[in-house]
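Shared between the two complexes below is chain A, which has chain B as its partner in the first and chain C in the second.
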Partner chain A sequence: MRIGEIVETTSTGFVAESFTLNRPPPLGSLVAVSLPAQDMEIYAVVAYGQTVGLDPGRRAVRRSTEIVFDEAIYHEHPELKHILRTEFGAVLVGYLAEGQVWQHLPPQPPPLHFSVQTVQTGELQRFTDHLLYFRLLLSYNGPVSPLQVLAANVREVYRQRGSDRAWLDAAAREIATLLKNDHEALLTVLYAIDPGEASAIAERRGQL
Partner chain B sequence: MPLKLGAVSEQIEHMAQAMVALSPAQEQLLEQAQALLRSTPADALRLKLEQQRQRQVRFPWLVATPHGSLCGIIPAPPAPVDFCVIGIDASSVPPDRHRSVRFYVLNVGYAALTYGRCADAVLDAESQLFFHDEDLYLFPEKRDVPIEGTLLNARMEVESLQTLQKVIQHRAHQPSGERPPTVALRDGPLILWTLQNEPQEVQDKLLHGFLQAMSSLRQSGVPLAGYISYTDSRDVANSLRVWICQELPNECEHCKNSKRDLCLALAKIRDRDLFNFLAIGERSELFASSSQILERYGEHRVDFFYLNIGGEIVRVEVPRWVSADAEWLSLLHAVIYDQSRRSPGFPPYPPALLEAHEQAVITTTERRLIEEMVERALGLHGQWVTRSAKNDSKRRRGI
Partner chain C sequence: MSNKRLGVVVDGAFNSGLTVRLDPGVTTEQLRIGSFVVVEGQRNRYFSLISDIHLKATDPRLLSDPPRATSPFIARTLSGTSTYATVEVRPMLMLEKPDESDPRALLEMRRGPQPVKTIPMHFAELREATELDFATVFGKEGGVYFAMGTPLTMDIPICLNLAHFVERSDGIFGQSGTGKSFLARLVICGVIKSKVAVNLIFDMHDEYAFDKQTEDGRWVKGLRQIFGPQVLIYSLDEELARRSGRNADVTLKIGLNQIEEADVILLSEELNLRQTAEATIGLLRDHFRGQWLLKLLQMTQEELEEWCKNSGAHAGAASSLQRNLKRLQRQEYIVEEAPFAALDDMIESLDRGKHVILQFGRHNSVLDYLLVSNLVTRRVRQRYEEKTRRYEESKDPKDKPRPLMITIEEAHKFLNPAVARQTTFGIIAREMRKYNVTLLVIDQRPSSIDPEVMSQLGTRITGKLTEERDIDAVLTGVSNRNALRGALESLDTRQEVLIMGHAVPMPISLRTRQYDEAFYQAMGAPEAFQGPEIGIRDLFGED
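Moving on to the complex of A and B:
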């Protein structure tokens, strides 16, 4: 499903304008850009989202009243949907070419104005079976800390893979390897990927 | 930095002191003026203005003839559940006489905001570049009267109304059930008073298109209003001066009237201050403008009223076919007040006009881009744009 259009692109990531106001794709989710001419699919992880004025010179101001607030504001001010834009940034994590998945930067940045699409479960499973792309996520430099982007990605993938516990354990081990020299950073990620079972965290801490 | 800020700053301080010293006196004068507004019988004032007009007394100032009482108050009626406001605004890239190629660009922005059950918005602009002789000169066959300055502004007003008409016509193709009551707002006056000093044939040329567009709007069933924020007009205050004047209003230097001081005080009072007794949402009664150019407006002669939109008294100008229709007038009043309540800022400003302005505005970058595009297009055809030495030296600013 098409969810946005690329409005800025570089070798390491892109910014896309979301088709839905105020609803960028979830932080950490895997998205794709199709390049049929090259028979290539570029994968990226959503690293931040924001809603701002279409004109960078116009700042949003308070619109709510005692009786008009939240969603009703958009009904009372129909112009808002035309003067606001939601955009999201994504970090490139790999690509599919000649039937093979590669977890390194694609040879070229995805083209400007191309569509950003959601990734089907099968495709997501195939891509995330390998975890080398975590390294690219950790080298990301943007408004959200790379640790939080990585953690958000782990949470999203875990959910989309149907609460795949074996995958989560593998992910945690990979993260432990990558962050072995930074104990605080490691704990930050592990706490953030905790699926809600406190004992699992304690258990993992014990193993470290 | 050649501007001597030190000297200016000293003068700014003097100005501030003078204004502060004047404030209590101004307050008193305003009270006197408002008392006069309340005590002046509208019928008698109307009669006096009419008599003087018949005697062809030329008023030195613009005066307003009241349609109703002078200090009447009309509260805001409720806005309909479903309605649409179309705001229109325009801007231009004027012709540059320092450039070898002559052209101008008009950009008319509009915002059609629909409220209620089918809330929606259409924000867009119509941009056009004009370069033919018939666009550049009012009398192209003689290449006479170039369209620039005041005339370009008038041309822009004509273009605005024509664009507005197109937007309304486009909406007319929608099923009637989806067409709620609609009003059109223009940023600025409907009285093209800047044309007043132009020769009659110039006025004829420009007013023809403007009035024709107004006729089309009337046929479309959409009331039109000109919205003037922070109005400087003194028409009603001037009428009060005529009322207390016992001589001829154009012979002030020989005046021996006992109310001379009050008359001179009235000259300093703006209508927006005079009508500051209006509560939020309330409007004044209607007044007819005496602007000379209106003699040529026919059925579109302009009336106006003042309206407190909360934080500001604005002047709203309407053609006679709107002011004579109680239902349209009431719809306009309700919708403008409703717009003020939806305004994101304070003092409020109608969102339809704000968004129309945003669509109309041409940024400095865009202006430069147009210039570059013209130069490139001509260059591709082997013709280079030359500039005057003055313009060129200002651009280079060599040391």
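Moving on to the complex of A and C:
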């Protein structure tokens, strides 16, 4: 499904405008850019999202009243859909070429104005079976800390893979290896991806 | 049996061994100090021992501030990644891997494992040893390979090369209650079964011949019950020799004429002899020759004084020597004169392939044990020297003396540094290998044995030892002492032993095999063998 259009692109990532206002793809989710001419699919992880006015110099002003607020504002002011835009940034994590998944930067940045698409579950599973792309995520520099982007990606993939506990454990160990020299950073990520007691209890029950 | 991978080599030196980082998911608790593992190098396979285990963390901050109230998920993630373990591994033997592309190399490669000459490179894999590895190193059961037990973590027989075992003197050590006499019985059974040597056992506490109740209340069979008439029983105690169902074949008497100066000197402590005794005995011998002891004991007070005047001996010393030696005469098994024929018959039996157990019965004081064992062994030694000389002259294989293994308990009494130079046992331990006589030394205090004797022991089988000096003594002259010290200290009190030396290619900790019905069967015990009645032919040969 097409969800946005690339409006800024570099070798390490791109910025796309979302087709739906205020609803960029979830932080950490895997998105793809299809290049049929090269028979290539470029994968990226959503690293931040923002909604701003079309005119970068002007800040939005308050629109709510006593009785019109939240969702109702957009019904009251239909022009908002044309003067606001939602953007999201994504960091490149690999590509599919010649039928094989590569988890390093693609040779060229994705072309401007190309569509950004969601990734089907099967494709996502195939890509996330390998965890080398964590390294690219950690080297990313943006408004959101790379640790939080990584954690968001792990949570998102874990959910989309149907709470695949084995994958989560493997991912956690991979992260522990990558962050071996920074214990605090490691704990930051681990706390953020911990599926929590409920899942641990469920798992224990499953073993019994 | 899966080739379970444990980790990879990350560091090491030839002199200090290899450091292996354990894989995540492998816990230190599944490994034991001293256990047998394999490192797969590129060209060689290294059979190794685990000598130490370390816990490590990638970030030192983790150690100073361990995570509090951690969820199981985080704890599981950290273990094996941020916190991990390394093991120190000592390569002991290596085996060249065949070059599979070259069929000739494949044939040549049937050489067994060699001592290590190098170490593998980084990232060589450490794995658990498989049945095949154990068989490659320790040999398959059968022939001279006698299964002593199983490794601590696996159920595979580990074999002792008995041909090597009887080539040199050996030791069985362990603090009291670790089953030394049980171990000795096991090894002796193996020696009897494989016919690599004949045994002469000085059985101080009547443990070897007949069945005996163990500490856990089971009755275990004696050698006579397992091997029947192959085992002859000599006894010093006439009463014991007559017990029904457990009677001895021969009652042995010792004559005063057979007791020599050296026997008496060995008993100095037991008999309360003074330092002058040696000189007095020397004079007595000069005068009466072989009859000296008998004459001394027969002399009246006046005769003794008269003799002292003539020979220049000190009267006080002589009479106190006489008083002290009277104690010998009072022993039931001592007679005035006994022919050597009984002892020589015993030696002939040994020569015909019989095994001899000498029981002490009620005469089991240290005095009896020292006197008789030393005296008998001296005779054995003389005869073996004669035989060896005859064989060297004739070079006839028929004349070749059968290898003999003499088992002694409380060995430190014969082999402590003060007497080891004089007793026959000391001589055997140091040099008798060339006459085909070796010792099986059983003791709980290896530190009281002369270090020179200890260093001559070929194979050492040791149960748990806690005393620092005893551990040092057992490890005298062994390489990689630190690795083995850890293994020795971590042994269980019961049924676990460390074997090292000549009869095994590398040291190994074992759980000893069960001494039960299945074992008797394996040794070929006749099931219904009851009566220890022995035909005249068994005692005296075919003629």
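As a convention for this text, the second predicted complex is superposed on the first by the 197 of 208 C-alpha atoms of A that agree within 3 Å, B and C clash if a C-alpha of one lies under 4 Å from a C-alpha of the other, contacts with A are read in each partner's own complex, and residues count from 1 in each chain.
Convention: contacts are C-beta pairs under 8 Å (C-beta built on N, C-alpha and C of every residue); 3 or more make two chains touch, one makes a residue touch a chain.
Quick caveat: nothing in here was measured; it's all calculated off a predicted structure.
Look at chain A after the overlay: chain B and chain C fit there side by side.
With both structures placed on the common chain, the touch criterion links A:E184 to chain C but leaves chain B unconnected. In the superposed model, A:F69 lies in contact with neither chain B nor chain C. Applying the stated contact rule after C-alpha superposition, one finds that A:R173 touches chain C and leaves chain B untouched. With both structures placed on the common chain, the touch criterion links A:P78 to chain B but leaves chain C unconnected. In the superposition on chain A, contact of A:V61 is made with chain B only, not with chain C.
Touched residues of chain A were counted for both chain B and chain C, and C has more of them. Within the superposed three-chain model, A:P195 lies in touch with chain C and out of touch with chain B [touch as defined at top]. Nearest C-alpha atoms belonging to chain B and chain C sit 49 Å apart in the superposition, given in whole angstrom.
In the superposition on chain A, none of the residues of chain A is touched both by chain B in one structure and by chain C in the other. Considering their complex, residues 55, 58, 61-63, 75-79, 81-83 of chain A touch chain B.
Partner chain C is touched in their complex by these residues of chain A: 169, 172-173, 175-177, 180-184, 186-187, 190-191, 194-197, 200.
Listing the residues of chain B that touch chain A in their complex gives 111, 113-115, 119-123, 342, 344-345, 351, 355, 358.
Remark: chain C residues 24, 58-59, 61-62, 65, 67, 71-74, 76-78, 80-82 touch chain A in the complex.
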